[in-house]
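Two complexes come next, and they have one chain in common, chain A, joined by chain B in the first and chain C in the second.
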Partner chain A sequence: MPDHSVATGFLAGHDFARLLSALAGQGYRCIGPTVRDGALVYDTLGGVEDLPTGVQISQGPGSFRVEFNQGTRHFDWANGPQALKPLLFTSREILWQVQRSADGELQFSQQDPEPVPTAVIGVRACDLAALRLQDRHFVEADVPDVGYTARRRRLFLVAVNCSRPADTCFCASTGDGPAATRGYDLVLDELDDGFIASAGSKRGNELLALLPLQPVSAEQRQAAAEATEGAVAMQHRQLPGRNLRDQLFANLDHPQWEVVATRCLSCGNCTSVCPTCFCYREVDQPALDRESARHYREWDSCFTQGHSYIHGFVVRPDTRLRYRQWLTHKLGGWHDQYGRSGCVGCGRCITWCPVGIDITEEVSAIAAVPT
Partner chain B sequence: MKPKVAVHKFSSCDGCQLAFLNLGEDLLTLFEQVDVLHFAEAGPVDPGAAVDISFVEGSITTPDEVERIHAVRNNSKYVVTIGACAVAGGLQALRNLADSGEWMTAIYASPEYIARLDAVAPVSEYIKVDMELWGCPVNSRQLLATIGSLLAGVVPRTENDSVCLECKRKGQACVMVTRGVPCMGPVTRSGCGALCPGLDRGCYGCYGPCEKPPTEVLAHWFAGLGLTREQIAQRFLAFTPEAPAFYSAGRSRLPGDD
Partner chain C sequence: MTIASHFPYEAEVIERCQESPTIFTLVLRLTDPVIASEYRFTPGQFNMLYLFGVGEIPISIVSDPERPGKLIHTIRDVGRVSHGFSQLGVGDRIGLRGPFGRGWPLVQLEGQDIMIVTGGLGCAPVVSVINYILRRRERYGRLVILQGVKHSSDLIWRERYAEWEKQDNTQVLLAADVGGTPWPGFVGPITVLFEHARFNPQQTVAMMCGPERMIHAAADVLVERGLQAWDIWISMERNMQCAVGQCGHCQFGSSFVCRNGPVYRYPDAGELLAKRGF
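Let's look at the complex of A and B:
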């Protein structure tokens, strides 16, 4: 629901480009969804024309199809494979380098990140909820992550409230969507002829002041509210509860873990597209000349052998234990670590599982409905 | 003293050795760091030289090669096999699945001059191998990572994740999910940088099986995508037919072998 204490106005569709130029004028590189390789991926926007227009996405377990209609809307779909994660917790980066000096001393250096200020257009409520969790992990840690924190500080977030969830979405059941309630600089409600734009931060307010806004009519407010209500009603998947910690840990020997293991590829696609999964590994690459080395960090997954390798043996050698680790950590252990479940209901793990395993079905089979 | 290195060729197409020659400037650095005593494709020839590291390309297909590979082992501190042929038979191991004697008489006028083993085998069937680099062909990055680690005195990292993880790190959209293209990525070992899915094609599986590949799960899914049993078999057997996981998944689907 729009907060009336902050600036709100109607931005006509033909003025939408002004939003991008205002952001560019403030030094932001604009990132937004673009259609590429049969998917919707974040890329640098040259202008509004790079955004999808009249695009609908059909998602199901193991299936994502881009379809075109005659519509004029840019955000009439739920989400693509990426959330904000790759922009902040990058898939591979150099953490430090070491060089042997002339006198044989080792000199360590950290690449000071100087990220380009970046505005992301089209952030969804589920992505903002996931961002909050990643911030908890990487920024609010005892030792904040240097690269993540630097990139995070330079991020301007333009959210869009979802009006057309995918078949795989279940954010209403996790309490994270479909409307964005916090964590953005601007939030948009997309209507047929434009957007209701509302600020969520001082920076957002300042940006709105640069745009040709009109007062929002009661009809427009009504249409936006109905779109959000409709987006809730359209969701038919759900988790059996928001805190399944005790049910999951009480069912570690449930036969369903074995059943899902016979269908799971253990490929790690679910953890890669998950906007909250944060596991990584660090690897060293010594140079051929023996004078230097680079220390990399790259995304890992609890579905790899290396993830549970502890000096001489692998703690979780098979798919049953790896899938169980993923689910019990995300939906159970996170409550102890972060005070909430690690699932924001975006449904990406369902869509992007090559064999269409549905987390909501597996959890419902394993964890009894809480009373 | 510089470490001594040899690059040996057995039954193969020579393509993996190109991963050395394609190193560019790093090739010059490598030749400064090590003494390359035998590398016929690059120039130096001394097949009997004692070395610290031997890189071996190709599979074992003839009686002569059996003798040579034992000599390589005896002359080398470490043996690193490179490429699908050396680690899992390669394309020529497809003859293990057929009556190759019949092929030979059909093709050659005087097949009696051809000396060959009954079956094509990976190097590791004959000698102890210290490290395997998978790929058809291997690439320069894999060689740099391995040689860099060995020169630094640390154990090179084994890459055995699925291709999917590399594909996702590169931000590529899954071709199975977006277009229903049968892709071997979920069962195939990483190392190539998810090359084929990045070109909008399914993975061919040329890097062989990843750690514990769920071949039956993927084969079942391929059948659902419309592939015949034989087409599924071909995908598993094409590049690394002697890798046990792919061999059993493919062999069990060949005609007359249920």
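Let's look at the complex of A and C:
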């Protein structure tokens, strides 16, 4: 007889598949991490066997390597290039379409989105913090984004607390990790022989009731707490403060902007992997018969020339101005617009920068807080 | 119901006027009678106009807010979409969504003296203000209009300036960086006009639009002449694609120009305005 009051329990490793089948039984498509082409991507899981097992990831500035150890853990790594953002704020999406009649009349239409309910396994604390910011931007807006909002409402989140941060991680300094504290339906602490599973929502509680949970021992709790403490201690990168707005805007002519611009390729990798970057462009795609057109939005980056184009003039023609725009917005303007910094310390922009630019080093050089 | 969202509605071109070799005006009518009857705007706000199969651009609304049935947009043929719009004629259909952003505080400024400062070709956002005030002349004090252009031949609507100048308690001053003949105005940057403008800084509110360096220089002169920076309002331009504060292109410091602007109190935009790249 399942106990419906259960909020926490130990799920043995060999029972982990039951979590996926319980979610599938409730109509969720399960998405989770899987190793592909030397990277770690989030995609549909056929079963537990699709999860990485005994995989460790070595990350550094401009470097990401999947390595194998002899372990049995599935989540013994920090993160891959992307997690939640592409599932909600999709890289390309139709906004509306228009039909043109023979006499030139235009008929605009849009379809109500009907997304598949999706459960994501292996969400990190940094990604939950980023999700909270994207929710503020796309859902809690004057004009909520229809597609994002529909997908968000059908999302079930299974967080896994981080026990092995990457060399590039600095979530402890932004206050967003390594342990997930809110915004999930379930949170797991991974131990060698299974998981401590705790509910964070009514739906999460209902799901736990379907699983063969055992009481959590004091030793297991202790091991989970030590893993979190260890994950904090392992991080050696940090931002020089949680609110750097005033220091950044006071240093708009700092020579370091020029220094970083000589290395930055203005490629936009950082904005693609950043879980909070939200810029998109709108593009119109006419059908070949010229009778209809589809209006799309697709990811854009403030590192492109087109981003700041106005009537024959580019506001930010060079890399120095684009890098400065990105950083002063991410770590400065966000405080006024969203009540906090736009950086959650996931370190992806460091790992996936082809020339290994480290945001924590650049910020420390430009906006060091006087002690 | 509002049409200030992502989704456009059909509008028909009901008049078209060529103002200069590159500037033209489209008068639009929303074709859905329900949408048309509910549409309201404030001068200084803008619409997103959509050209079939090409794309959208933000265009300031220059018509009178009490006549929302005829939406007037003056456009410069400068890019892919605006060039397509220049080819349209009466009866052609486009898409329209709006109005977006924050307009000029015209009701709040009733009883004040008004100074309009515009430079370059970017005068459309303030032409709506001039028209608005002249139709309600008794509600405002002195009106001073300062217009600067690069070359004297850039000035459109010469006859309107001549007409405005004849109004009571109204002064119109023109400046061109490069003069020509015949040119009724001054030669030099717009700031030379302030020496000739007759206004009481204690009771004047300035509204400006145009190149940002000009706005910055003009605002400095006005503050030197005794205007409170707080009493200077400006209209800004940035790349705008969504117009609802989501696509990020019009990000300016801590605001989105499409939503928090395009009209700002000068001190709210001030310092960054002088910085290239924001």
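Operating definition for what follows: the second predicted complex is superposed on the first by the 359 of 371 C-alpha atoms of A that agree within 3 Å, B and C clash if a C-alpha of one lies under 4 Å from a C-alpha of the other, contacts with A are read in each partner's own complex, and residues count from 1 in each chain.
Please note the rule applied: contacts are C-beta pairs under 8 Å (C-beta built on N, C-alpha and C of every residue); 3 or more make two chains touch, one makes a residue touch a chain.
The structure displayed is predicted, hence computed values, not measured ones.
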Return first, second, both or neither, reflecting whether A:17 touches chain B, chain C, both chains, or no partner chain. neither
Of the two partner chains, chain B (first) and chain C (second), which one does A:282 touch, if any: first, second, both, or neither? second
What is the contact status of A:272 with respect to chain B (first) and chain C (second): first, second, both, or neither? first
Report for A:37: first if it touches chain B alone, second if chain C alone, otherwise both or neither. first
Applying the touch criterion given at the start, work out whether A:305 contacts chain B, chain C, both or neither, answering first, second, both or neither. first
Using the superposition on chain A described above, determine whether A:290 touches chain B (first), chain C (second), both, or neither. both
Quick check on the superposed pair: does A:262 touch chain B, chain C, both, or neither? Answer first, second, both or neither. first
If you lay the two complexes on top of each other, which residues of chain A touch chain B in one and chain C in the other? 283-284, 286, 290, 293, 300, 306
What part of chain A is in contact with chain C in the complex they form? 95-96, 98, 100, 104-108, 110, 137-138, 141-143, 145-146, 249, 252, 278-284, 286, 290, 293, 295, 297, 300, 302, 306-312, 315-316, 320-321, 324-325, 328-329, 332-333, 335-337
Sort out for me which residues of chain A touch chain B in the complex. 36-39, 41, 62-66, 80-82, 86, 91-92, 262-269, 272-273, 283-290, 293, 298-301, 304-306, 317-319, 351-352, 354-355
Touching residues (chain side chain B, partner chain A) in the complex: 26, 29-30, 32-33, 144-145, 147-149, 151-152, 154, 157, 160-162, 164-165, 168-180, 183, 185-187, 200, 211-212, 214, 217-218, 221
Show me the residue ranges of chain C that touch chain A in the complex, using the header's touch definition. 4-10, 31, 50, 52-56, 76, 78-79, 82, 91-95, 237-239, 241-242, 244-249, 251, 253-256, 259, 275-278
